[in-house]
Amino acid sequence: MLKIENLVTKFGSVVALDGVSMTAHESKITTVIGANGAGKSTLLRTISGLEHPAQGAITWQGESIVGRRPEDIVRLGIAHVPEGHAVISELSVEENISMGSLFRRRKFKSDIAKAMDEMYQLFPRLQERRKQLAGTLSGGERQMLAISRALVSRPQLLLLDEPSLGLAPLVVEQIIDSVNTLCRTTGLTVLLVEQNANTALGVADHGVLLALGKVVADRPAAELKADENLRAAYLGY
Amino acid sequence: MSESTGLSISHLTVKFGGLTALDDVFLDVAPNTIVGLIGPNGAGKTTIFNSISGLVTPASGEISIHGKKMKWPASHQLAEFGISRTLQGVGLFSGLTVLENVMMGADITSGSNFLKDLFGLSGKAEAKLRRRALDALAWAGALDMAEKMPGQLTYPETKRVSIARALISQPKILLLDEPAAGLGQDDIDKFAALLKQLKQRCAIIIVEHHVDFIGAISDQVYVLNFGKVISSGTFDTVKRDPAVLAAYLGTSAQSGSDALGGDHA
Amino acid sequence: MNTFLAALFSGTSRGAIFALVALGLVIVWRGAGIVNFAQMGQAMFSTYIASTLITNGNSYWVGFFVALFAGAAMGALLDILVMRPLSNKKKTELLSSDSMRAAVPVIASLGILGALQALAGILWAAEERGFPAPAKQEGFTFGSNVMPFTAFDLFVISLVALTLVITTLFFKKTGIGLAMRATALNQEVAKLSGIRTNRTRTLSWAISGAASSLAGLLITPTSNLSPNTLDLVLIVGFTAAVVGGLDSPAGAVLGGFILGMVISFVTFYDTPEDVFLSILAVLLLVLLIRPRGILGSKDVRRV
Amino acid sequence: MSNLKAHSIARKSLIRTFLFTVVMLILGSRFDAYNQAQLALVLILFIGVLSVTILTGISGQLSLGQGALMAVGGYSTALMMINYKLSLWIAIPLSIISAGIAGLLLGVAAARLSGPYLAGTTLVIALAIPTLANRFMSVFKGDEGLPVDVGYPPAWFSNTFGEPSYEKWQIYVALPFAAIALFFASNILLSRSGRMWRAIRDNELAASLNGVNYSRQKIYVFIVSATFAGLSGALYGLRGLVGPSVYPVSLSLTLLTAAVLGGIRSISGAFIGTVIVVYLPDWIEKALGNFSLSEQVSNFLPALISSLLLILVVVINPAGVAGTRLHKHK
């Protein structure tokens, strides 16, 4: 379980997160939604150690992870797929995926090939393009690759930042479905940040609505979907 | 396209490599109005600004400024055309004082030249420019920051300074790139009041994801998604448009014309 | 014909060494975004260490390997003591602009170069001294003809070729190599993949240090050793890296050989005095046509 | 910067220049012969360091080839003095023009380059230019070089002010030029051009959106910087010889070291840095007077210490000694 209490993150004097408290429950999909600039990405970046919070607590499996470096947080089983198909274009598909498992080579050498195979089963299109440079992939394929890169480290918690960004609806559906299946079959905990509220709430168990760095609603997803708050947060009425 | 049009764009198409970032976009901005551009991340809002301000070269499209058809301007020619632009990351010069930053906004109209500068004879022009800068700062409510460095300001303060810098050249068209980003509700309200005043002086185009704010101040709103204008009109009409709701909340009312895996910058 | 062959052989052997120097520069540039002007200062220093060991009765190979190790250690230290603290300072106002962020590490590396050269002067005096070659420096004989190609040339070329193959395999085939490439290309994604980017960056400095020490060991038998002798090698190596493309290892090798050939042919067919003018000409020509080098990637201006 | 009135920029620069000149004259009259020669050297190099301050500190472009521009100034002056028997008071201003043209050419190339590309290219230029001396032997006299010096004062000067020593005459020759350089540098930094150049340094894109044609401005910067370097080089050669050995690559690095140590963004920093670089060997000698050091050590100690200082300044406070004020806020 990931527990966040009163988290504040600032960029210089800009307050991006303003006292956020929320929880991501074991083996559930929790989605954080809200308009652009609401602080969703900052939340994930603070959890994964890319940003340092000004105050507040982040506890993972009962242990505080504030102040740790991103490369150590990955080792605790938290994998982050940042916004914008974060893959390395100059590396091949295979290299991008295996990059995510480098740190496990010593202890889990035998498992790595298996983990890679699972990724190819999850996204067969990546297997066809194994030797291609990531830069030659389409947007949707790159997003699949970024997710595989994170999943190959066998995380218990997946932080997924706007997988739908710039993708056609059909592709979004496919990616979200894969993540959903994975969560339901393997017990992976997912924290999904989305701009695309309806899609996200469609698969999530729980929804958190952010506006201007604050939590304005924190409810079961189905309930939130019907809430007036939602439209107001996006379109201002 | 009437004579009084402040700025008008038609058939604007921008491509990055194989990706179409903007697809046949149109935009009409009348003088003394505020036009808001909204849309989800990656819809192409900033790319429109970049096209107008010479930072990207459109594949095709036309631009008229003050009713006259023009070439797409180079970035350093904007001031000549009476266009000012603020940058998303504010873009202040970190090694210049606030006053100097604002003076930069009208440097090329100061009437000085290199030889005058070399012989120390630009004092008069400098003094004039300085007064204008102080006026602009005062107008933006940032007069007491004049001698500070940008690094010493709070974020809302840097926004004010960047507005002052954009205004000192007395532009006819002002492009504001996410001016409300990072501001709290209080500052947003103050800022909205500031912009409504500003409208008396020039046409304003705002790229913004803070829809609330856009709704409160804009005369016209254009909604972009996947590089296309999907809706335009007053905020009240736009927000009732199902296409807009779909774009924002992600119901699958989308056109679906995008090929599998296609993406947009 | 004999002059042509001589120029060709000498160009190959020089080109190999310049390729090595350029490769050292490229590795650090990709890994840390810094052009290390101290690189050949480190090489000079470690060659002096080798020279001292050999004069004191140790075998050539002891000196050789100690020098490689010393070069690597110096590279790592330089990163840990100077460059890493400097990159942590990014938030200060002076370093908040791109231009100064690019300039200041270059200035630091020049300071390191100056310090190493002065220290070498203090420890080993400024007079030139010879440095032994592990192979004969007389041309092979072919019938009654002396060929313009020596056993040492062969040694240089094969050793450089071996080094290039090993580094290529290291970068392409090993996990650490992948980690280093990932860090160089996208630090954030690398960190999120669990790669300890500080360590891999220090490793780039170390590998670059070892590569340039090797270049120092290979060039001093023909050019002698003094605190300043390798300055010119650095400048040629830098030109080679820029000509090939600063971010491309293959470009470094290509650039190295181009420069080796240019220098060699100018020396043989014209006069050695024109060497630097011809280097300048090659550099300006390439930069005017392809500002990012022959194999360099395009610079994308972002807003 | 407060209370600017018309023409007050020139006035402010004039006051600075006047004070500078008076202090230098007083120091020059008090010093012994050795220190007079050192002071003359400070004045000469100060102009060269200003060229780095303007180019790197103000406009953010790193050049390692200022020594080559100094050589252009030096050779032009020497050739005019030797071949056309021109007085140095005519030859030096003319040689500044030739340095300016070299700066223009460099600037055109530099406008396309940035960061390490520019640094490396200028370094290659610094290396290639002096080899021209051997290439065109008949004109430049190769490694031997062209002997020139400041000569002796004209009769009217000696009759009016008395016969100065050679060292003092060196000061009298260098000081007017240093004062003029200071005046122009001060004007530029206080006015619009200096502000534009700093803006380009801080944010090229934003500068461009504010109407600055930065490619053109970068060329201006190079021309101005080159004229300063050329002037410095002309005076530097008049210490006795103009030849390739007088303008080595290390000279460019000395200028850069001085500029960084003092504070790369200000005129006072340039002066402080020059004093440090010129006097450091003397200070070290004094400080270590009690130890008997071998020549090998004492020859290299100043270089070692100035290099270490350079590294320390860069790592601890990159804004330099005079830059603390600018640097204190985050």
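Should a chain be cited, it is by its letter among A, B, C and D, assigned in written order, with residues numbered from 1 in that chain.
We take it that a contact is a pair of C-beta atoms (placed from the backbone, for glycine too) under 8 Å apart; a residue touches a chain by one contact, two chains touch by 3 or more.
Just so we're on the same page, UniProt names per chain: A, B, C, D = Unannotated protein.
Predicted model only: the values in this text are computed from it and were never measured.
J.: Taking contact as defined at the start, I'd like the list of chains shared as neighbours by chain C (Unannotated protein) and chain D (Unannotated protein).
T.: Of all the chains present, those in contact with both chain C (Unannotated protein) and chain D (Unannotated protein) are B.
J.: Looking at CA centres, what chain is most distant from chain B (Unannotated protein)?
T.: C
J.: Between B-D and B-C, flag the pair that has more C-beta pairs in contact.
T.: By number of C-beta pairs in contact, B-D is the larger.
J.: Quick one: report the Å distance separating chain B (Unannotated protein) from chain D (Unannotated protein), using the average Cα coordinate of each chain.
T.: Chain centres of chain B (Unannotated protein) and chain D (Unannotated protein), defined by C-alpha means, are spaced 43 Å apart.
J.: So how far apart, in whole Å, are chain B (Unannotated protein) and chain C (Unannotated protein) when each is placed at the average of its C-alpha atoms?
T.: 47
J.: Which whole number of Å gives the spacing of the CA centres of chain A (Unannotated protein) and chain D (Unannotated protein)?
T.: That gives a centre separation of 56 Å.
J.: From the mean C-alpha coordinate of chain A (Unannotated protein) to that of chain C (Unannotated protein), what's the distance rounded to whole Å?
T.: Chain centres of chain A (Unannotated protein) and chain C (Unannotated protein), defined by C-alpha means, are spaced 42 Å apart.
J.: Hunt down the residues of chain C (Unannotated protein) that sit against at least two other chains at once, touch-wise.
T.: In chain C (Unannotated protein), residues 93-94, 96-97, 301, 303 touch at least two other chains, as defined above.
J.: Touching two or more other chains, which residues of chain B (Unannotated protein) qualify?
T.: Each of 55, 87, 94-95, 149, 151 in chain B (Unannotated protein) touches at least two other chains.
J.: By the touch definition up top, name every chain pair that qualifies.
T.: A-B, A-C, B-C, B-D, C-D
J.: Help me check something: in the complex, which residues belonging to chain D (Unannotated protein) touch chain C (Unannotated protein)?
T.: 56, 60-62, 64, 109, 112-117, 119-121, 123-125, 127-128, 131-132, 134-135, 201-205, 249, 253, 256-257, 260, 265, 296-297, 299-301, 303-304, 306-308, 310-311, 314-315, 318-319, 323, 326-327, 329-330
J.: For the complex, give me every residue of chain B (Unannotated protein) touching chain C (Unannotated protein).
T.: That would be residues 46, 50, 55, 87-88, 94-95, 149, 151 of chain B (Unannotated protein).
J.: What residues on chain B (Unannotated protein) touch chain D (Unannotated protein), complex-wise?
T.: Chain B (Unannotated protein) reaches chain D (Unannotated protein) through residues 53, 55, 75-80, 85, 87, 91-97, 99-100, 103-105, 107-110, 112, 114, 116-127, 129-130, 147, 149, 151-152, 165, 169.
J.: Going by the contact rule set out above, which residues of chain B (Unannotated protein) touch chain A (Unannotated protein) in the complex?
T.: Within the complex, chain B (Unannotated protein) contacts chain A (Unannotated protein) at residues 40-42, 153-156, 178, 181-182, 184-185, 209-216, 239, 244-245, 248-252, 254, 256, 258-265.
J.: Could you pull out which chain C (Unannotated protein) residues touch chain B (Unannotated protein) in their complex?
T.: Chain C (Unannotated protein) reaches chain B (Unannotated protein) through residues 93-94, 96-97, 301, 303.
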